[in-house]
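Naming follows writing order (A, B, C and D), and every chain is counted from residue 1.
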Amino acid sequence: MVEQPPAEQRRAEQAPAGFFYPRTASGRSSLLPAPPWYYSGDLLTVEYRTDPERVAALLPAPLTPAAEDPGAVALIWADWQSCGASREELLDPIRAQYKEAFVVVRCRFEGRTYSRCTFIWVDKDFAMLRGIHQGYPKKLGSIHQTRPHPMPQGAPQVAAGARFGATLAAGDRRLAQAVITLREPSESNGFVNGHPMAHHRWLPAIDRPGDAYVELISSGASQFAVGATYSADVDELSLFDSPTEELAELPVREIIGGYYRQVGVVWDGGRSLWHAPSS
Amino acid sequence: MVEQPPAEQRRAEQAPAGFFYPRTASGRSSLLPAPPWYYSGDLLTVEYRTDPERVAALLPAPLTPAAEDPGAVALIWADWQSCGASREELLDPIRAQYKEAFVVVRCRFEGRTYSRCTFIWVDKDFAMLRGIHQGYPKKLGSIHQTRPHPMPQGAPQVAAGARFGATLAAGDRRLAQAVITLREPSESNGFVNGHPMAHHRWLPAIDRPGDAYVELISSGASQFAVGATYSADVDELSLFDSPTEELAELPVREIIGGYYRQVGVVWDGGRSLWHAPSS
Amino acid sequence: MVEQPPAEQRRAEQAPAGFFYPRTASGRSSLLPAPPWYYSGDLLTVEYRTDPERVAALLPAPLTPAAEDPGAVALIWADWQSCGASREELLDPIRAQYKEAFVVVRCRFEGRTYSRCTFIWVDKDFAMLRGIHQGYPKKLGSIHQTRPHPMPQGAPQVAAGARFGATLAAGDRRLAQAVITLREPSESNGFVNGHPMAHHRWLPAIDRPGDAYVELISSGASQFAVGATYSADVDELSLFDSPTEELAELPVREIIGGYYRQVGVVWDGGRSLWHAPSS
Amino acid sequence: MVEQPPAEQRRAEQAPAGFFYPRTASGRSSLLPAPPWYYSGDLLTVEYRTDPERVAALLPAPLTPAAEDPGAVALIWADWQSCGASREELLDPIRAQYKEAFVVVRCRFEGRTYSRCTFIWVDKDFAMLRGIHQGYPKKLGSIHQTRPHPMPQGAPQVAAGARFGATLAAGDRRLAQAVITLREPSESNGFVNGHPMAHHRWLPAIDRPGDAYVELISSGASQFAVGATYSADVDELSLFDSPTEELAELPVREIIGGYYRQVGVVWDGGRSLWHAPSS
């Protein structure tokens, strides 16, 4: 009988583990635990109409524009705390807290309407890497939104008349800012971000132009718990130009409405909708 | 009649304004508005006993150690939103939100007991400059504490059994971390940080060793509104050494207790207690 | 003749462009330009031996340990300025400057020896996304290394006797630090990072455990220009444990050597070595 | 004979030490060592003329405008490495490296011309606290300037024809950006920042409006070593408005010139010029 060298043996027993980079024998240092992922947070949403052709220009094949109101856009800020199934991130909260701002439009594939995130900025690496898995086109940014608090000295409450501001910057440039005033409790949080997401997962080829991998996936919350929700007047929505961004290429033609909502979310994967023919 | 040059005249009319640096004609760019300052936030407190002589060693003249329990220390994390009287910072929240962690001991001056902050880390410049005014020995740090949220998917609530973590780092080193479990509603938030603060305002001389200005001041909240308050079990309190810090020089000999409290605060100046004889 | 709606037409003409996320009609907001990518920077390298089975445990199939000195590790700090072919990032340098620290080991595939990065931390989003393309397992970190400067008041020069420090932190914890003293000009910058890199490009499946895409690629500099290079004494190499990292699982058993090198690099893609059988 | 309690005794022996906050028995955790302070770095300077009355409006009593060219302004970016006499910060470089951008004008006091910094942004806490000592009105900002490197792949060299960019942001807004092209070696680095600085050291009163302490001080380098210096064409100088800044209130009427200089500096205190009458 042939004795295996111990190192070889150990390696065989310890197939690299971990949901995503880096993968090691134990998986302990993986930047992400395997889903499901759990989130609690506040969403500040402003919906508006832009030129429909600007939205259409952001939809790669095989997507087509939404049949109705194809110029509708949602610009959403979110202040999150999130964790994996162990919930250990919550007790070392630099691993749990992050903020994001993102642009959602709607599109169509095989007769169904989907939401789609076209631009998104986050402020943590684990959120960036989740984006690679989920097909969100994430960059790092600096995102802030007014935080409600039970004590009024330095904070609004989630109540009619309360005002919330939200700002987004990246590359040391302010890209967007909004101010809303809560109007009344609302069933709706808007309609643009209300469908399953349809996102492309691309991996450019290492040895030629074009992609090594192209997949269209659909994903959404496996559990979505709704807390306080208010409609809001949009006092300000400003988009600023930047040489490295195209958010301002979706100019505000008409405000649709504003919303503030507290949510709890579980995300646990999605479905594969389509693969590109090999190129 | 002598004509004044226009620039001179304008200057006379526009005496530089602004509460603190920078001061300009309009005062608009001052890093701080004049007090009062308004705060809403959550405090996570752990009280413990260290060697009394270590506390005494941190008390410069004319302060002396507290008469009772002179080794008591409070290590406090705070997650704040704050603003001036215009409240405009709340709608551009990068100007309003900050976090801090600080060490409080007690001391004695002219027969009264005071609290005193011996070490403090904050994560915004406006908080650092407030510290110069208030005599807090502020450094920049990276401070995090678990945030409660109404939706439980990724957050605890402020309720019995909920667990909160808190961490502090500076200079790319973790300095402290704590985990507490809320036990029951409490009237008290501890006793170490319960007195007016006694702080030294020092300004080193520009032309020699020693100080150009030394003042002992007392300050505290002009309004202090108390929200939900819980006593807590302290599951972990760890202090880590660093070549540039002395927090670990106050070792934990005995845990006194833990607390979680939501507060609203107004700060509007203080009193001058003592000036050093000219040196 | 059927008239196309203008939006549809425009979309057809504007196939989404951009090397990687986000992809738009113009490609202007893509976080990365298409390669080639250009770099100038300083590398501070410490090579050491750890337990060979620890290295082997980090090598997923189809890789096997290097035939000689299989426990050799290089821990490398780099202070970079980089850009695409337009060089426009250099004039808006928040887009060009970044730092990284990374761990390199060697491995074997089909009879050839490769270098492989097992852990890496960077401080910019464009560097993270490059990592997804190149198979580097990037996280965000805080990376610092002493910078040489012609004037000696606050800096060493790249010369014998000069001392350089390097530190790495992530998640508010110091993970590694090193101090080296330059000894003499050297041809070599060490041997561990001297081969083409062999990296896995993984994309986890969206709808099941396991991966949707697994590719082993090889890549290296298409141009590599060498400037000043010194061998160095390693005065300190410390690795610190963290609940979220496994760098300290590669303990320092024996220092091999230290190096300081100034380099100019062009990176322009790689080769595909192997694809996993469909799973 | 009366026995002193040991803690009291120890306290007497350990008069709190440390140059500035925090002060402890050992002084180890002080954010700043006592001067002298040592610096190596690169300065990118753009000089221009604005409306002289805008400069005059920034000069509080007892300063008056400069006799000649009173509207001259220097906007200076600096990329520094600095340390105290122990030089220990250089081996833990997060403690040594910082960047700043600042505005300098000239003024007059008792018949002499001084330089004066009216606005300044830095990116480290130790630099902010030095500013309190030196009378610089520091805020935190995000500052970047193109870094020269011996290898040209991703960097210019300090040589004729090389282009350098510089940017400044604070509060998530870009405040200024400049691009210069080096022309030829130069003796001069401009004239606006060429005098001793005249700065106010203010400490607002804790118990009333107005200041507890007002001193006008003069300071400058005790040693100033000049390296490579180039005059430069100013390809761009843009100032952007912000609700919290007044840099754009010094509009660019005429470009005077640009400069790039490598310097080594020692700073070791200054002189007291004037104290405000007690208020």
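Things to note:
Keep in mind that, in the parts below, a residue touches a chain if its C-beta (ideal position, glycine included) is under 8 Å from a C-beta of that chain, and two chains touch if they have at least 3 such contacts.
Fair warning: this is a prediction, and the values are worked out from it, not measured in the lab.
Where chain B touches chain C, over half of the residue numbers in use are shared by the two copies, so each contributes mostly the same positions. Interface comparison, C-D versus A-D: the pair with the greater number of contacting C-beta pairs is C-D.
With centres defined by CA atoms alone, the chain at the far end from chain A is D.
Note on chain placement: the centre of chain C and the centre of chain D lie 35 Å apart, centres being C-alpha means.
Separating the centre of chain A from that of chain D, both taken as means of CA atoms, is a distance of 40 Å. In chain B, the residues that touch at least two other chains are 92, 94, 142, 144, 167, 172. On the side of chain C, the complex with chain B involves touching residues 142, 144, 167, 169, 172-174. Contact residues of chain D toward chain B in the complex are 6-8, 10-11, 14-16, 19-26, 28-29, 31, 34, 52-53, 56-61, 64-65, 70, 88, 92, 94-95, 118-119, 124-125, 128-129, 131-134, 136-140, 171-172, 200-209, 212-213, 215, 217, 219, 243-247, 249, 269-272. Contact residues on chain A toward chain B in their complex (touch as defined above): 38-42, 80-83, 90-94, 96-97, 142, 144-147, 149-156, 163-167, 177, 179, 223, 225, 227-228, 262-266.
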